[in-house]
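We call the chains A, B and C, going by the order they appear; numbering starts again at 1 in every chain.
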Amino acid sequence: MLAQQIVSGLATGSLYALTAIGIVLIFRNTRTINLAQGDFSMIGAFVALTALERFRMGILGSIVVTIAVVTVLAIAVERLIMRPIEQADWLTLFTATLGVFYILHGIAGWLWGRDTKSFPALFSSAPVVIAGTLISRAHLINMAIAGVVGILLYLFFRLTKPGIAMRAITEDPVAAQLMGIPVRSIVLLTWAVGGTLAAIGGILLAPLVYVSTQMMDTVLVKGYTGAVFGGLYSLPGAVVGSLFIGVAENLAGGYLGAQYKVTIAFVLIVLVLALRPRGLFGGRARREI
Amino acid sequence: MSERGWQLIFTVVAFVGLALLPAVVPGFYASLLGFTFTYVIAAVGVNLLTGYTGLVTVGHGGFFAIGAYATALLAKHWGTSVMVGLIVGPAVSGAIGFALGIICLRLGGAFLAIATLGFALTVGAVLNNWPMFEGRTGIQLGQNILFGYPFKDLGFYYVSLVVMGLIMLASWSIVRSGVGRAFIAIRDSERAAEAMGINLRLYKTVAFAISAAMTGAGGVLFAHHNRYVSAETFGNAWLSVDFLTAVVIGGQGSLLGSVIGGGFVALVPYYLGELQDFAYILNGAALIATLVFAPEGAAGLLGRALRSVRRTHRTVAAVETVAVERGTGWNR
Amino acid sequence: MESLSIWDVHVQFGGVKALDGVNVGVPRGMIYGLIGPNGAGKTTLFNCVNRFQSYSAGTIHYRGRNLGSLAPHQVIGLGIARTFQSINLFRSRTTLDNILIGMHTHLGNPIAAMLSLPGGRRREAAMRARALRLAAMFGLEEVLEQQVVHLPFGYQKRVELARALAAKPSLLLLDEPVAGCNEEETSELAEVIRRINHEFQVTVVVVEHDMALVAAICEEVTVLHFGRTIASGTPAAMLNHPAVVEAYLGEANVGA
């Protein structure tokens, strides 16, 4: 029983991690606290649903279309809204993403309506027996996908030129620019990657939290809680934090009562920030806040 | 006439106008305005913390809710009057605001914003899930009472007008004083402020407390306006986000900004009614437009416009004087 | 008689020793100079006195009081005021407001101030009157109501000084007061500093690179290099001191 709760907690946590990674990437490279990260996923979920049910595109086609649409959306947000204010202080950047958050909520409500829809389960939840406990197959696949994404990102940062450039910018944007790294293109790429991650997260979460304009509102905060574990800076820290949140809320819900499941993430975010503002993992001096 | 003088005249005229308003417009406007006043009050509270002290909060919806539920519970179980609510509500939210201020002392900028968001959502989760708050079913308040007399829409209008006036007066007085200067000093340069002897921890927590109390008062009135509170309205971050939007659009560090911003955020959903989605889009667009084109907010724009009018006025007057002395112009 | 005594202060940043056993003794009423090449630790030392920086060893006493137990905002209560290396005014505020904030410790009862009670109003009026006199002394009457961020550089420097004096300090720490000033501005400021020292009986410690200023106004100096005191005495003696010359020349060679 405990093991099951922990595993299912790890599974949801790994989905939160997709949001958390997107948040950290964008923050590291652009000093922007992106409040719209969750809504990118939300739009992704709606697009996938429409592709599946309206256009009958089949799973693979829907996934491709969703990733494409959301990535383009993220790029549009960067170009049209964030670029004009790229030099502004963090509050302006943050409030701009708040504006995007409002707008995306409005557009989604207008295009798809404000009621909650169900999303077909992509993977069967038939239980699989591992080490003596029953674990839902869907959970395992979710974790596997998140894991693959994590590995791909790792390789991207280590081996590809844009990835290395991104790390350089994170370390020292001025030096990176002086060395000829096209900072603007990298920023664009960062948002694009954030959008892709959000799209994947949205598709995977849709069966679990149902599709609605507010589906990602609490997930966003959980993503932030996870991100804050890494001081908004460390990707491994964000992943660990998100997994922790997933497990913690499951255990809280199971042992303390369903009402605590929701509360725990929010209490944790305040506590982590209050006690260890640099996160449990991020020890590096951050450029500005 | 100095700029201060004009501001004073304008404010007095505005309040007198508002006091006389119900006599000339249909009663339903009074109700709408009364509702708007609660948002303005909340915005004044947020502005004190964010606009003046520089501590960004995306969590004041939580204090609004605390004020609202405090008075709702009191009114439902003990039939208390608005007066009691207006004392207990701000006291409770002020105390919790003080505590939150202490918890968040070491947090700067963006991290503080995230923490306050976490706070608002914690309050929301508690309201949604703990039985005593009746979650989505909500709590019905009985008739509104003030000093033993029941009152309805018109009475509520005047009560909220008076409370709004008092809170604006308080904010104005605080900002003009040495305490307000200390708040602004903290925003502009914490280092220099400390060198001048300003105790950062004390002033930040006090700013939190006062700001939370003010917004809590708005919440109390909001509850009595609708005579109903439920987790539907208070159990999420929308109010918090709306209040921050109000302050940014209206103008940070400005009472007029709180009025304009609070009014905008309160009335847009009302006038767009059915089209809630467009209300969201409009809010978002207005927010982004403000940030890109007019970061000082609507109040800042107005201020600039007025000052250039006065300068033109003075220039024109100067030219005319010169023209008369030289015997040119109209008097030839 | 020493008013400020800094004894064996050590500050470490990671692997770097910013201050390595610094000793400085500032006699009361003197204009004292703290010089040395870039990175010698001068501003770090100021930050220690101000309590912005904690030190791992050593003591700092002012008029017999040990500063080590104080929080940064309590330092001015002992009479120690400072200016900053890059101008650190309250940008959005007017000249008058900046000076008034400098007087924060004279605010009296904050509640009376916030609620505009009669006592608070009287206090505010007294503070304003004093601020106006201070502004007049620094030739700032014309720009009282202007936002400091719009003032020319020279005026900003004056506002910083006026603000530092607002709390009636007995010790003034000036961190590179003439950085960015031309010759004329420098000699003006030198005169102002001398007046402050003489008329208000304020002990002044100046961190400076500009040797002209140091030679002009400092009665004694201490030279810092790599966080250590390498010499102290009169400016004239320092200019010829072998260790000092080497420290400065050494730096010049590295740059060459």
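Structure notes:
We adopt the following convention: a contact is a pair of C-beta atoms (placed from the backbone, for glycine too) under 8 Å apart; a residue touches a chain by one contact, two chains touch by 3 or more.
Since we're looking at a predicted model, the values are computed, not measured.
A linear topology is adopted by the chain contact network, the touching chains following one after another without closure. For chain B, the chain whose average C-alpha position is most distant is C.
Chain B and chain C have centres, each the mean of its CA atoms, that are 40 Å apart. The mean-CA centres of chain A and chain B are about 33 angstrom from one another, to the nearest whole unit. Each chain gets one centre point, the mean of its Cα atoms, and the points for chain A and chain C are 49 Å apart.
Looking at the complex, you find that chain A touches chain B at residues 33, 81, 84-85, 88, 90-92, 94-96, 98-110, 114, 214, 217-218, 221, 224-225, 228, 232, 258-260, 262-263, 266-267, 269-270, 273-274, 277, 289. Those residues of chain B lying in contact with chain A across their complex are 56, 103-104, 106-111, 113-115, 117-119, 121-122, 125-126, 128-130, 236-237, 241, 244-245, 248, 276-285, 287-288, 291-292, 295.
Listing the residues of chain C that touch chain B in their complex gives 50, 52, 71-77, 81-82, 84, 88-93, 97, 100-105, 107, 110, 113-116, 120, 124, 127, 163, 167. Across the complex, chain C is touched by residues 170, 173-174, 176-182, 184-185, 187-189, 191-200, 253 of chain B.
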